[in-house]
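In the two complexes that follow, subunit A is the common piece, with subunit B as its partner first and subunit C second.
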Partner chain A sequence: MKGGLNYGRNRKMFLFVLPALICFLAIKLIPAIMGIFYSMTNWNGLNPSYKFIGFENFKTLFTDDPDFWNSMGFTLKYVLFAIVLMNFTALLLAVLIENLHHGKGIFRTIFYMPNMISMIIGGFMWQFIFTQVLYQFSQNAGFGFLDQPWTSDSNFAFAAILIVAVWGGAGYLMVIYIAAIQGVPQTLNEAAVIDGATPFKRFLYVTLPMIRQAFTICFFITLNNAFQVFDVVYSLTGGGPGRETQVVSINIYEEAFARNNRFGYATAKSTILFLIILIITFIQLRVMKQKEEEA
Partner chain B sequence: MKRIVSAILCFSMVMAMLSGCSGNPAVSTAVSGSASSKGEPKKVTLNVMMSFPRFMDQMQAYIDQFKKKELEEKNVDVTVNLEMPSSDQFETTLKTRLSSNDAPDLFTISANADLATYQKAGYLMDLSSQPFVSKLYANVKKTVTYDGKVYLVPFESTIWGYLYNQDIFDKCGITVPDTLDDMKKVVTTLKAKGYTPFELAFQEQWVPQLMTALTLGGLVSGSNPDWVKNMYADKASYKDVASIFDPIDLIMQNGTARAMETGSEQGCTDFANGKAAMFVDGTWASEAILKAKPDMKLGVGALPVDNNPKNTMINLATTTSLAVHANTKEKETALDLANYMLDDKDSSKLYKDLMFNPVATCHNYDQYSWAKQASAYVEKGRAYTDLVLPNAVTDEQGKLLQSYYLKKTTKEQFIETMDKTFKEANKAAAQAKG
Partner chain C sequence: MGATKKIKIGQGVLLTLLIVLAAYALFPVFMALLNSFKTKPEMFTNIMALPKKFNLENYIRSFQKMKYLTSFLNNVIIVGVGMSGIVVFSAMGGWAMCRTKTRLSGLLFGLFVFSMLIPFNSIMIPLYRIAGILHLTNSTVGMGIIYIGLGVGMAIFMYHGFAKSSIPLEIEEAAHIDGCSMFSTFFLIVLPLLGPITATICIMNVLWMWNDFLLPIIMLQSPKNYTLLLSTNMLFGQYSSDWPAILSALVLAVIPVIVLYAFLQKNILQGIVDGAVKG
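On to the complex of A and B.
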């Protein structure tokens, strides 16, 4: 009797998941596996015939490709800054919004809206702002410090990319943090007030530990997305000037579609990127899940 | 009952998603001709992919003319599916279609950049015996020939150097310079009269790359004709042509400010509004420039490379050209369409509407004044065919020039990196041959 009920429920759940599962398999998993096969060939995306060359692509990657490793270094720098800035901004906004008396809904919407704009469009918008609007401001409204080489100097370009990325991504994390903060039992907070804790101490010792799960999720999402960032950088600086702000995904894109059209080699690079992200996120999840359980 | 309903819903969702996966991303129109009275016309469908969406209407009208002609003369009812993806996605879309056995019957590629690649991959039909070939101008025919055979119908053939503002030149009493020293004098005169000599728009890397295209082109064609061949054989170096930095430095040091923040469209507008006297861009920019200022007087000059006037020549490049797929099933009709592009009666109007230069003897339309100016160089023999360099090399030149402008790369680093890039491109081409 009990077995029959479970079987029926499992089948229903499976049927509901089926469309998404089929899409995931067909669009993400199967091409990825086929890609691993192509990474061992020298296909250039056009020739109807290609040669199987084994691990030579991987050998070239580890010995003769300084651009890839430079872009990997830049991506790591970006990931570090992005995780810290995005989560800090999102948490700050979440706390501020939760402490408002009215207008919670409005502010939530306003801060979430940038997330709804495709980051390519957002990037192009900001490119216009950085190159034209800020310049006009600095000339005509006296904000001289705004006249900087926002997209043509590597440090300023890095700052510009971070600004746009945080602007676009913080909203999503903020919503998660708001949900987590709302899940903190009121009784704990009231107990802390009775014990004479200041709002800051309350935040530090009551709220933060209770939203550890949200941290794990948000860090995971930021880590994953920041490693694969493409649209923001592509539309804002194109990886430029030169290759100063080139992240790994743009390096792979350039290898496949622009440089020498080495599709096989580019797929090999994306396989390596996949492995690196897999290892790092695996470590991150393990460490933070452990800390969750300790709390 | 509930299980059946949920199963049906799941099934319909899967079907909806799968049907959404396929389908044409590009715009396509299909119009068939009317039936004729000579008996049942043969039905033929042609798939055509072209890469200038801004000329969709003109091409569609021209193809309608073709359909009428085919019906009257050969009793063939042609349905043409014309697709025009946007130019930045065109190449990827075309390559995907060619690789997945969904190839169009006719498609456009860039003659100077892609002819070798596509021919080696076996996708181009040999058109040498077609009637249109005998109509082509000799220097244009060279640009669509590979290994002695003609593979493309040229569309966009540009004759270009740098653009200048005729009004500013007249006001300062300047004539087009033939040597680098003369150009330096022009720059000094312009600055004395308060004009900025050059418009710099380096945000998009293909614009600074035009400087290397012109300087290398002039220097190599005039004084060092074996350089390209030797580079392909890993036997030469960019050190041999290091004097291209003389004109490049002159341009970069006497140009508008904020070059890295100015895109090509912005550059055209600024140039049209007189912010600078000269602009290193091709005649294809005339459309954007005249849109910004319709009464602007444009002039075209050959960019001097050094003090040898023999090296000051105009660049002849054929870009967008039409190819016929080697394995097309409708060979006869496809070839008819290709030949119709250079039809004796109708082609002149098409090329004039699209603001393309004449490429064949059947073209007898009036050109714009700057186009005539550029053609005059060709008639005097002061022109060369655009150098065919690997795509990776031209891209890298653009990027390095951006870095060089920002003083992040030195001349020596430029030479070293370009040599390395060329060698890598040679290696990749040799690898891909297998």
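On to the complex of A and C.
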């Protein structure tokens, strides 16, 4: 009797889940599984027939593809800098705004605005700033130091990418930090004032520990996004000069769609990227769980 | 007296810092707007100067070249299809799995949650292949359907959590006693109650789909199906270094999101916080 009832409930539930399940299977799960298979083939976009070649792609990848590992190295460098700079800027903005007596709203609006703009458009706009505006500044206004090879020297291009990435990404994190700061009980701050704590000490010993959770969230958001960064690099430097600022996702994209059409091989690359992100996510879940247990 | 003076100085310092940072945030958009009305020689003479007259030629040319209305409409179709699918399908699924405590529902829910870990980059190539087989490539409706598949995992997770914590079971039981089927209970009673989380999900997903670049550039081949971003990207290549013309295209591409932001600013900021904390 109970089994029968359950069967009926399961059937109804399943009908409700079905539309989502079909889309999800076709678009996400099946491609993910097929990806593992394709990564072991020599499939290329031009030739309809392909054959199974085992771990050959991975062997080539690990022994004979310096471009991929360079792009991986550059991505790691970017991830590191982006996490620090974005979170620092976002936290600074949040603290400054929350300490302001008048005009909080307008500044919050301004700083979040770049996040509404696609980083493709943002990257193009900044390319204009770097190649045209700063050049004219240096010539006409005497700011000679601004005349730098912003997109044609690898170090400056890296700096340019970070400037634009922080411009586009800090506002998002700022909103999360502001919400966290507003969640700190007022009584704690008042108690600290009575004990004679300076604003800086209050920030260090009251606010910062209280917004730990927001910090963890923002850290992993930036980590995940930075590892998959594409738009800003594509529109600002295109991975150049040469391949010096090429990130992993551009490397994969080019391998598959722009240069070689080596779909099987590109899939092997994306499998590696997936494994890296999977490891990060498991660490994230573990850290989050630990934090919850502590709290 | 001393204390108030100190506070005033502190506020002044804060304000100065924030204004400098605000200049950083607004500078590229401001410069783009300023120079988009100029002619090329005018820009090269002085990039900071106001345009002599508000010359709309660049805008008219870009508007036509990027087939603005078509591109805009393509964006609307993609987001419209994607959004309605994500909301309806995920709400149905998330609620049903939340209310049915069987092994199957747990398994399905686990599958959706696990899928949130799969990054887009790692499925894009096989997805391109499958989308081709299903005739979803080079079609705006097809793009919307792909977004449904990519978006339901996260949305189901959020609906599931919201139904569990914020929808009283008593209401549904009352509806059941009054003779509502599961179907009408969902559409007449539950779906309206899911409103707050639906707003959050809409904001997150609309922004994502509207500004997404990698998926459309892979999937959409003919310019008549291009989104605003793809048209802008194409124009950027064509104009080579005619910056005033490029800038007018960039401004045109940005207008829809800025208008959206102007009207829904509060909701967007709230949606971002809720989405980040729950997702």
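By our rule, the second predicted complex is superposed on the first by the 251 of 295 C-alpha atoms of A that agree within 3 Å, B and C clash if a C-alpha of one lies under 4 Å from a C-alpha of the other, contacts with A are read in each partner's own complex, and residues count from 1 in each chain.
Note that contacts are C-beta pairs under 8 Å (C-beta built on N, C-alpha and C of every residue); 3 or more make two chains touch, one makes a residue touch a chain.
Bear in mind the structure is a predicted one, so any value in this text is a computation, not a measurement.
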| item | value |
| --- | --- |
| First, second, both or neither for A:T267, with subunit B first and subunit C second | second |
| First, second, both or neither for A:G122, with subunit B first and subunit C second | second |
| When both partners are placed on the shared chain, which of subunit B and subunit C touches more of subunit A | C |
| Which of subunit B and subunit C A:P48 touches, first, second, both or neither | first |
| Partner chain in contact with A:F257 - subunit B first, subunit C second, else both or neither | both |
| Which of subunit B and subunit C A:L96 touches, first, second, both or neither | second |
| Touched partner set for A:Q148, first subunit B, second subunit C, both or neither | neither |
| Partner chain(s) touched by A:P19 [first = subunit B, second = subunit C, both, neither] | both |
| First (subunit B), second (subunit C), both or neither touched by A:N70 | neither |
| Interface residues of subunit A shared between complexes with subunit B and subunit C | 12, 16, 19, 23, 26-27, 132, 257 |
| In the complex with subunit B, residue positions of subunit A that touch it | 8, 11-12, 15-16, 18-19, 22-23, 26-27, 42, 44-48, 50-51, 131-132, 135, 149, 151-153, 238, 240-244, 257-262 |
| Contacting residues of subunit C [partner subunit A, same complex] | 10-11, 14-15, 17-18, 21-22, 24-29, 31-32, 35, 43-44, 46-48, 85, 88-90, 92-93, 95-97, 99-100, 102, 104-105, 108, 111-112, 115, 117-131, 134, 145-146, 148-150, 152-153, 156, 182, 186, 207, 210-211, 213-214, 218, 229, 232-233, 236, 243, 246-247, 250, 253-254, 257-258, 260-261, 265, 268-269, 272-273, 276-277 |
| Touch list for subunit B against partner subunit A, complex | 3, 6-7, 10, 13-14, 17-18, 21, 91-92, 95, 98-99, 117-118, 120-123, 203, 205, 258, 260-261, 390-392, 395, 399-400, 402-403, 406, 408-409, 424-425, 428-429, 431-432, 434 |
| Complex contact set, residues of subunit A against subunit C | 6, 9-10, 12-14, 16-17, 19-21, 23-24, 26-32, 34-35, 38, 93, 96-97, 99-101, 103, 107-114, 116-122, 124-126, 128-129, 132-133, 136-137, 140, 167, 171-172, 175-176, 179, 199, 217, 221, 224, 227-228, 230-231, 234-235, 248-249, 252-253, 256-257, 263, 266-267, 270-271, 273-274, 277-278, 281 |
